[in-house]
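Listed after this line are the structures, all set down as structure tokens.
In the two assemblies presented below, chain A is common to both, partnered first by chain B and then by chain C.
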Partner chain A sequence: MATPKAMRQPASLRFGSAAFLTLWCLIAAFPLFWILVMSFKSPADAFDANPLAVIFGPRTIAAGKGLSVIDLVLGLAVLWYAVRFAFTRLPQMVRAFTAPGLVILGWLVGCLGYAVVFIVLFFGLLPVVLDALNAIAGPLGQPVIGLTAEHYRAVWVGNEFYRNFINSLIVTGGVVTVSLTVGTLAGYGLARSGSNLAFWLLIAALIFRALPHSVLVAGYLPVFINSAEILRPILGDAAPTLYGQPLAVIAVLVAINQPFTIWMLRSFFQSIPVELDEAARVDGCTHLQAFRRVIMPVMWPGVITTGLFSFLLGYNDFLVTSLLLDAQNQTMVPAIAGYFNRETTTTDQAEAIAAAVSITAPLFLLVMVFQRQIVSGLTAGAVKG
Partner chain B sequence: MKFRTFAAFVGPSVFMMVVFIALPLASVFVQSFQVTQPVIERIEVESCTAGFLEQTCTTQVKTRPKINESGQVETTTRWVGLESYANLLQFDRVWAAISNGEPGRILQIDFWRALRFTLTFTLVTLPLVVGLGLAIALAVNNAARSIRGQVIFVSLLPFIITPVIGALSIRWLFYGDGIVTSWLETWLSTDISVAANGAAVEALMMFYRVWSVAPFAFVIFYAGLQTVNQDTLESAIIDGASRWQRLRFVIVPHLMPLIVFIALIHLMDAYRAFEEVVGFSSQAQRITLQWLTYDFLQPDDAGNRSISRASASAMLTMIGIVIILLPPLRRTWRDHKGIS
Partner chain C sequence: MAKIELRNVAKRWGNFVGVDKFDLTIADREFLVLLGPSGCGKTTTMRMIAGLEDATEGEIVIGDRVVNDLDPKDRDVAMVFQSYGLYPNLNVYENIRFPLRVRKVPQAEHDERVRRASAMVELDDFLHRKPAELSGGQRQRVALARAIVRRPAVFLMDEPLSNLDAKLRVSTRAQIKNLSHELKVTTVYVTHDQIEAMTLADRVVVMKKGVIQQVGTPTEIYDNPANTFVASFIGSPAMNLMDGTLQGGVFQGNNVRIEGLPGAGEEVTLGFRAEDASVAGPGETPQITSKLYTIELLGDAVMLTVRAGGSLVSVKAPKDFRAEIGDEVAFHVPPGICHLYDRRSGERTGARHPPSGDGPPPASDAERIATTPTGPM
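Up next is the complex of A and B:
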């Protein structure tokens, strides 16, 4: 359908709007793009005042770390095909090889296998091939862009950042699982009950959502530190000190996340017609059976979306984890604060940047894969009610 | 749904919220009137050194924390009433500053400094977030369908990124000889030091907040724009409404509930701003209320955490939350009574 003439826009407006959009995209992406570039350069290049020096990294090349034209072309081509493969062939293969009912397991195995193959190809095989090619290519084999992974090596191997990564995995995994289990039950109950009590629970949750997290942590800290003595009369000598325990942090983050989770899941449950429950009930299901066998199978989009936001909360949290976890159980985000507390040399700063990029990379993948769910989750709360 | 079934479904969630939100809140309220300190005892220590013919002995009175049987420092808790609040608010210094005619001195007290910045921060970023979000939504709605997905992808990045990292990524562009700073320096041919300039740091913190929240506003407004009634728009055109009038009188009123929603969420979130202070290391220049509480909770050099002060500052922060939440809660209450 052609746009009516009256609705058509003058060229100046179209141009202005396009220019504004381009500017916004630049501002939105530039800081992140820039830390990615900086993280691969030697410290002297990364903090150069001249942007071109940061991009091309002359001192990084001088140190013998660089990519030639052939490296760039081949590397980008392999990356491009790897991404294409992940988004087209991989889902097909997963669908073809997994039995129905084991879809989640199939995806896990598929993604894991894909990651292993990719790492072997990209970091194992490709450098060998490229070295051989560079040696015979003459001028095309000369490095043109400086690139070094030394900061990543220093962060992940030297500073044992993988420990923080594992702690992050434990905390976020726990938060997502527990808060979805508890939240779906509550969201369903709230969506299907029109009672006054349900209304007041939702209002209380709204108030809880507004609380600053430091207020709550001020309540936990004294109890958690002294928990061994407080719990001794009940649990005897096995009473744990909750301070520093990932499990305690998971419980805290789940509770902090509950208000948001139940509001969002409730709005998803409300979009499922009540007739579906009633039909299941007529066929002899109890409420719990109706919930498990009839409602949950159609609720997956809502659960995935809510799970994403729980993931973000657990993964991005700084305040709670930095106050309630001790050094050896620290997650990634508070750990990075340690880098720039002691950042005295530019090398320390460059390592902090590499750590920052390492933390950001999974989030980037997350947006790539789940963009639609994130958008639907954001709008679910606002537009539906 | 019967009450028992409802209770079974909601029970675990309510339990979590009561144990980890309601109870801590109550205990913070109680703690703010108490002070827990290690018991200090004074003991006489006689120390002797070998000397000629006889030892020379001196007795000293030392103070040290008392240790109980299990080898831990003994503590006492006593009620101090409003003392923690008074320590925080320091009304005597406030009155002195006002009576001396130097109200600027009030801002040397941490709490008032934090309050001043938090309020400015919240109120300045609010219109910027709504305005920028609306502008992006209109521009994307105007753009070709094929590029909308990519634009949404790029726009989501600042929103999804870990707040501390987002703040750091902007900090690295400006602090020291960051490329934006050095570009500004050559352009204006002056020497700029962003990190040492309080106003500049404040502006950067606000910029970060708008940068990271505007995408959220954009996505919500964009979804709202899809449901604008096309018939109303067409009749507005027939009535001779200009483009601006259509925006002003058709589109914005349609989006009004969403604007209120965004404003409310933003007020709640900006009021408890915290990550900006960490990311920009601005504690010397600008602090927020939540950071103040966080700072009290951090162990000091002797390993003590000033829990009671933290509780008092947390309770004072809560007053602001209550003020922000009152109008929407009153409206919900009226709606609820209207229905039932």
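Up next is the complex of A and C:
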């Protein structure tokens, strides 16, 4: 692509900016890279003073856990093709095999099938093949880099981290669903209304947004702890104690998040011309039909972008979940903090690191799947007719 | 197929009057144009007919139903918007088909009707495209097709041509004229462009600040403007308006003296059209004599402008006429082409001119009448 002359930069500037960007990427990406490396090493290697020992893990190899050159090459190749397949062939297949009305179902089945096939191939078939290859390959079959999944096994199986994962799913799923449902309806109404009340509602939402989260938590906590007594006159003995319930945490997180989603969705709705509503209504839609059939299809980038932000809030929240949930019902983020609260050994720390890597993976997946909608949502150019 | 009655319709927002005492009957199959400068209430009037705006007062009747309390979808109208209002996520075919789907027209008819509508506006090659991949003119034709696919009782068009460039505007205008001739549906068309109004309308309603100034056929409005506002709004160039006094049948103002007019002793505004007057030939007594302010070559004619009666006055001359700015020129303005208005109220005081004009009509006048569309009204 030819750059116009006015935009062309001198070599020194280009070199300087490239160097700065590289440095900046290294600084930003280093912690992620480092915890990824550490999480696969035995504790002795992971906390070694020598960085090279952390990367190559001699003691992990000595314990019999390592990858040979063949393992690395074949493993990376399989991963590469799996990702390629997921982004090129999988959408084609889903499109080819699903009826027009069942696209979402088709995607669900497609993704599930893909995940099952991937797990069987990568964790079931591949190790067997590699073992056989390593046995006959001689020096190429010798392990060169230490890699052990023991911490992940300890976290997910030993410490029952999947319970925290399920709690996180409930909390974030609930937060996203409620705040998007209320947010789209409220955002649409506020965007299309010119009344003074709408303006003051938005200002009130802004004030709530500005409150520190701990204010809300301090307000909710005593009520949640005593909720059984408070609710007894109404619900009798069935009155629940809300403290420690993931569903109750959803309410608090929605209260924190809702002002933001309303503001964000409102600005997306405002970028959709009013003529679309009016054209739909003259063409034969009721108010609600116009919203559902004309406005919402144009709004998807905005809904997905806003949904991602509420997802991140629910998923990454520490303060609310750690204070309002007890140890049995914790979500993932406070659970990781829990690893450091015991008499911490290096093994605990390595497990905490493995757990930290575990909670990062879904975020990567999410952003990669929705990146196109997120980009068009953030630039907000996709909604102009 | 329906007539529309607007009975004393008004629209107010607090103290602001958008439309006031709008009383009009639009005949079945009539092409009515609401014309006026921006902010005159013409779009508000149309939106009240469509149901997108509530009338503060008065009754709106479409066919034989009072529709004041009906939703837009129940009024059986179709509307074309200035900024198209196309659904960006649907392709052209689905855009045109949308009204059929929403109104539960039997599936079997959809394809045929969509294709007939798209053929009428020559969109057959673009059916699979998204609106974003179309030019402005094509988008407006999609909007037209979406309006005609359903055969509504009334078409409403809100400045459909004003987002198009000049050349497209002319061709799309011709297309709209042809469509309305073919479909014979009652149409209300809003515009601020008087040429669109003159070329398309059966009848024109000229509005100013929410109040109707004049209702009539394009010829009627052009030949007999009811007041100085209409006179200065219609025609290109607009009618020349000069201030002066009328005494004993003689109009006198700065640089101008016209004899043989009716009425006396009044402060009046006198108007005449540039093409009705002419450069005074040898032997004719000139009514306006002044220094030439500017000369503009139009191709088919030359426009001469001088200062007279307190304003700039233009007269069309033959295309080979040449003069320099500052030269003395003399114009022949016979009393037969003059319109008289009360200076304070702006209302017409003189007699109405019959369509052919009294006295010997200038050559250009006969030509103009031949090309001006005449409606059935």
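Rule of thumb we're sticking to: the second predicted complex is superposed on the first by the 359 of 385 C-alpha atoms of A that agree within 3 Å, B and C clash if a C-alpha of one lies under 4 Å from a C-alpha of the other, contacts with A are read in each partner's own complex, and residues count from 1 in each chain.
In this text, contacts are C-beta pairs under 8 Å (C-beta built on N, C-alpha and C of every residue); 3 or more make two chains touch, one makes a residue touch a chain.
The model shown is predicted, which means the values in this text are computed figures rather than measured ones.
In the superposed pair of complexes, A:V294 makes contact with chain C only, with no contact to chain B.
By the document's definition of touching, of the two partners only chain B reaches A:L319; chain C does not. In the superposed model, A:G219 makes contact with chain B only, not with chain C.
When the shared chain is aligned, chain C comes close enough to touch A:V282, but chain B does not. In the superposed model, A:H151 lies in contact with neither chain B nor chain C. Judged by the touch definition given at the top, the superposed model places A:K41 against neither chain B nor chain C. Which of chain B and chain C touches more residues of chain A is settled by the count: it is B. Contacts of A:K65 after superposition on the shared chain: neither chain B nor chain C is touched. By the touch criterion stated above, A:P273 is placed in contact with chain C alone, chain B being left untouched. Residues 383 of chain A lie at the contact with chain B in one complex and at the contact with chain C in the other. In the complex of the two chains, the chain B residues touching chain A come out as 1, 3, 5-6, 8-10, 12-14, 16-17, 19-28, 31, 36, 132, 135-136, 138-140, 142-143, 149, 151-158, 160-166, 168-170, 172-173, 176-177, 179, 182-183, 211, 215-216, 219-220, 223-224, 227, 237, 243, 258, 261-262, 268, 271-272, 274-275, 278, 281, 289-290, 293-294, 296-298, 305, 307, 310-311, 314-315, 317-318, 321, 324-325, 329, 332, 336, 340. Those residues of chain A lying in contact with chain C across their complex are 273, 275-276, 278-286, 289, 293-294, 297-298, 383-385. Taken together, the chain A residues at the contact with chain B in this complex read 6-7, 9, 13-14, 17-18, 20-21, 24-25, 27-29, 31-32, 34-35, 38, 47-51, 54, 181-183, 185-186, 188-190, 192-193, 195-199, 201, 203-223, 251-252, 254-256, 258-259, 262, 287-288, 291, 312, 315-316, 318-319, 323, 333, 336-337, 340, 352-353, 356, 359-360, 363-364, 366-368, 371, 374-375, 378-379, 382-383.
Contact residues of chain C toward chain A in the complex are 50-52, 71-73, 77-79, 81-89, 98-99, 102-103, 131-132, 146, 150, 156.
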